[in-house]
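A, B, C and D label the chains in the order they appear, each numbered from 1.
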Amino acid sequence: MRKDQNLGEYLRAQGVSRRGFLKFCSATASLMALPPSAIAQVADALAKARRPSVIWLSFQECTGCTESLTRSHAPTVESLIFDAISLDYHHTLQAAAGHGAEAARMAAMEENSGEYILVVDGSIPVGNPAYSTIAGISNLDMLKETAANAFALVAVGTCAAFGGIPHANPNPTGAVSVSDIVTDKPIINVSGCPPIPVVITGVLAHFLTFGTIPELDALGRPAAFFGQNIHDRCYRRPFYERGQFAETFDDEGARKGWCLYKLGCKGPTTYNTCATLKWNEGTSFPIQSGHGCIGCSEPDFWDKGGFYNPISAGMWGSRDALLGAAAAGAALGVGSALAARARKKKAQAAEEA
Amino acid sequence: MTLLDFASGPGMQWALWIFVFGVLWRLVGALFLLSRKDLTKPRQYNSVAAGLGAIISRSAPAHAFEKRILFQHVTGYVWHFALFISVLFFAPHILFFESVLGFGWPHLPNTIILITAIIATAVLITLLIRRATHPVQRFISNADDYISIFVVLIPLITGILAFAHVGGRYETLLAIHLLSVEVMLIWFPFGKLMHAIMTMPARYQAGTAFGRRGVKA
Amino acid sequence: MSSLDAIAVNTEVVTGNVEPLLHEVRHALKRLANGEDGTVIDLRSLPLAPGEEEQIEAALGQGEVRAELNALGPSLVQETSYPGVWLVTHRNAEQAVVGRFIEVTDMPELLKSQQADIEYGINRLENELKN
Amino acid sequence: MNVEAMSLQDFRGKLEQLSEGIPGQDMSDEERVRRAKRAFMQKLNGHRAVDLDSCLQCGMCAEACHFYEATQNERYAPVYKYRPLRRFYRREMSPMRWFYRPFTRDITAADLKEWQHLVYDACTGCGRCDMICPMGIKISAAIRVVRHGLAAAGYVPPEMRVLRNEQRDQNTLFGVGAEQLKALVEKLGAQGISVPLDREQADVMLLTTAVEVLLFPDAFAATARILNKSGADWTIRSDVFEAANVGIITGDDPTMSLAIRRIVDKAKACGVKTVLMPESGHAYQTLRWEGATEMGGALPFETLSIPEFISGEVQAGRLNLKAQSNGASVTYHDPCRLSRKGGVMQQPRDVLAALGLDVRETPSNQRENYCCGGGCGEYVLSGAADLRQKAFEIKRREFEETGADAVVTGCANCRINLLIGAENSGWETPVTSLVETVAANLAD
């Protein structure tokens, strides 16, 4: 796609009919969790969309997010979106290596100054920047440098969005999220470990379509995907209402597909769209396959008292401490009673004297 | 640390500590004031049976009083049963108790819990209104009486809201619910909620005191 | 347990969303009959239990029209047994479902020849004739 | 049989003059508060502490109180009557006193003065509230502690103070001493009723009360006849015959102890096996249920109330009663100190039934019985006459509901109050005593 072409022209040139385009728009609207009534609007906008430049930086990460993305519904619709953007820098996916790669990044930054989108996956170590460097540049420096002239940032994955697993207690690298470093640019957090691939492409599609930041929730996540919790949209919710719970992973309740709340499901406190979009082309999602939600799209999900601890169970430490408090209370009770009795005796003695 | 992390972690921890500490403090402190031994010759009676008997018999007023206190009697029962069912048989609550006590018990379907919780709330509000308007109750009431009602009412309301996901995000509602329970736990030993603990010794001592005189408490 | 298949896993659960959805379709049909606009329901936006999509399909049944189109992968447009209710399934080139909609309309937009395509066709035909 | 007695009219006149010219107890406010607190502190033990810490403030106790029911005055709620004690407990004795102190108002002399009306005029200590309390709180015991505090602070109402001083200092009440008792015994002797006065040794020592000697000598005569009939080895001592204990009524510990000690010492000296209490509820309760504890050890005799004694003698076959067949009906008024505070409820009913009477129960009876309205010496307080009359009306309605021909009771105090109430309201149903009813129907 040439940079002076808009998407409509590009698709036409690719031999995509108007029908094909409308179908693409339907899928894209669905992808962005927009109501079907918005398809016409999407079609209008998409036809005129310009091709944005995207720079993708990977810091302290496991490449799971990229894996997730590249495993998304291969070629057609999402790939069209990728065709429609100019992915100018991406460690894992780019052909260039070494200085050439860095030169491509610098060139893209210069050419599209103030207009490119910076996608980040992975957290940034600030404890000691040397924990993670690229081409001799610390993650911190590279992020600051690249973010300076970006139009907006997309933090892909929980590590980039909230610090994620590197940030988990005791956080040996001093890992922080993108929003801990960059404070003067719009940042869209696409959390999840990994995020649902269509959510990543959905956010890019939004950019592509409207050239704006989608509506965000309190944690900077696109409200369209993170607006509702897993629990509210879970197909096992009726079991919760009826109080039917699997007690273990191999009991009758588990086999009957009952609610996994007691097995530590974090669905009620996790905001993501797994229950509706599902994974692997809509095949399933963790709860459907019998395991509770671990809350991977939430900050500090690794430190919420264990994946198998029910939400309502306290994270309050040992029973011994409670016994200690009881003993201390009893001791104070005895003490205060003894003191009161001593006063009583003294008063009595004083009276008799 | 999020609000929920605080509420379910250190908040709950401290609240439980203060609760247990305060309850023992007040209970032991009162009992340990000791009483002079009653040296009079009792009628034939079994002090344990009399004490335990009173714990049961005081759950219902004597026939002669029934008419005059019917409203309080009925609302009292409905309130306590609805509260206990809501608190003790809601699955997430049981999981909490299990994490504290080390054992759990069967739960009831959520729809039943929702109904009992709404009933409990409605009755408590009714009792609050009565306290504020009934000549005797209004006259004898002090801050403790109202605080004690509010610290119980708020966990009920926030619990229902959290359950129904109304009025905010679930984790916020849950955190507020937990915090309100913590406030209740902390207030418990200092205010008249303590009656829940004192009922047993108070009724027991009434039972033995009346029992030795050959009177049914 | 000799094999995983020996574990009887019951997935016949209900979200209770099927019936409300059918009611929504009913209301949409009434609006359509009154001359109001059609309605499109995105099946991907609803929490459905395994098997519930099939239940919806079965409940709607199959009607007289069934059209397949090939644009960026195959799409199936199937009129259900309730005239005016269409089930549209978009697939990509790999046959993976990329969108599933219930359309309540007298004629799905996608089946109509598109103005832009018509114009493009005219161009193409004129070019053919010139040669 | 009819022994000449003081008329009720004259007795009421005597009551009205009781406090004439009695000076108040002068004391500085600080001294009053200090003394009240000291009394509270002495009486506050584990039982009272548990009670004070249990209260729900439900206010149900008001529904059990005849004074509240009669007036609907919320200040008469029993829970409110011990409020000063609760405040003191919270500030000074409660395990959480450090926490409560800043939020709890200290008691003042003005409070004490105010509570004088609440715990003397508006409380007969009947303990009906004890029976309704869902927590089993002994409300009347807490109110009694408040009386102790007020007594220490010099706030005993003048009428009661006169009587207490008289009992403490002269060992008489209403001027009734050895002379008056001897005179009565002589009169009875003239009527052929022998009273073994002042024997040095006896199995049974009978006590009486000044009120009985003055107002109900027939009851005394009846008791003597019953004792004689049963063949008991008995006596009554002219030096120690007073069963009433104004110490416990006023909340004055030294006087209470003194009065108990007089009886106990005399009973010991006479080698008595049984001390028989006359028809006086509080006297029975004091000796039977406080005596041993007050004296610091078990007593070498048993204390019986008249209904217990009669019922026991009848059962043992030593006393035969004539069963009537005229269908006369009675209702028994349970004196609070005998019934819910003494455990004597079945015996009087058994005795009345043995007399062939149709015994009808008031709607509230036995442990839930309504107070006569002026129990435990409250009837001497002239300032509370109206209040008593209102409470009596409740009692009267209950009696009327039974349709019984007569009211029988086992306590002279109840009897006086019922008679006064009846006189004031022109109610004509006779009010009589259990002993007199029994004595009138002795068989050979």
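Keep in mind that, in the parts below, a contact is a pair of C-beta atoms (placed from the backbone, for glycine too) under 8 Å apart; a residue touches a chain by one contact, two chains touch by 3 or more.
Source: prediction; values computed, not measured.
The interface with the greater count of contacting C-beta pairs, when A-D is set against B-D, is B-D. Nearest to the overall CA centre, using the mean of each chain's CA atoms, is chain B. Here the spacing of subunit C and subunit D, counted between their Cα centres, is 92 Å. With centres set at the average Cα position, the gap from subunit A to subunit D is 80 Å. Computed from the mean C-alpha positions, the centre of subunit B lies at a distance of 57 Å from the centre of subunit C. Once the centre of each chain is set as its mean CA position, subunit B and subunit D turn out to be 38 Å apart. Annotation for subunit A: residues 332-333, 336-337, 340 touch two or more other chains.
For subunit D, the set of residues touching two or more other chains reads 44, 93, 95-96. Shared interface positions of subunit C, i.e. residues touching 2 or more other chains, are not present. Viewed as a network of touching protein chains, the structure does not reduce to a path, ring, star or complete graph.
Every residue of subunit A that touches subunit C in the complex is listed here, in rising order: 12, 16-20, 22-24, 26-27, 29-30, 33, 35-37, 39, 73-77, 80, 233-239, 250, 255-257, 275-277, 281-282, 284, 288, 290.
Against subunit A, in their complex, subunit C makes its touches with residues 7-11, 13-16, 40-42, 44-50, 52, 69, 71-73, 75, 90, 92-94, 96-99, 101, 109-110, 114-117, 120. Subunit B meets subunit A in the complex at residues 2, 4-5, 8-10, 12-13, 16-18, 20-34, 91-93, 95-96, 98-100, 102, 107-111, 113, 165, 169-171, 174.
Across the complex, subunit D meets subunit B through its residues 44-60, 62-64, 68-69, 72, 74-75, 77, 79-80, 93-96, 99, 103, 130-138, 288-293, 295-299, 302, 339-343, 345, 363-365, 367-368. Residue ranges on subunit A touching subunit D, taken from their complex, read 332-333, 336-337, 340, 343-344, 347-348, 351.
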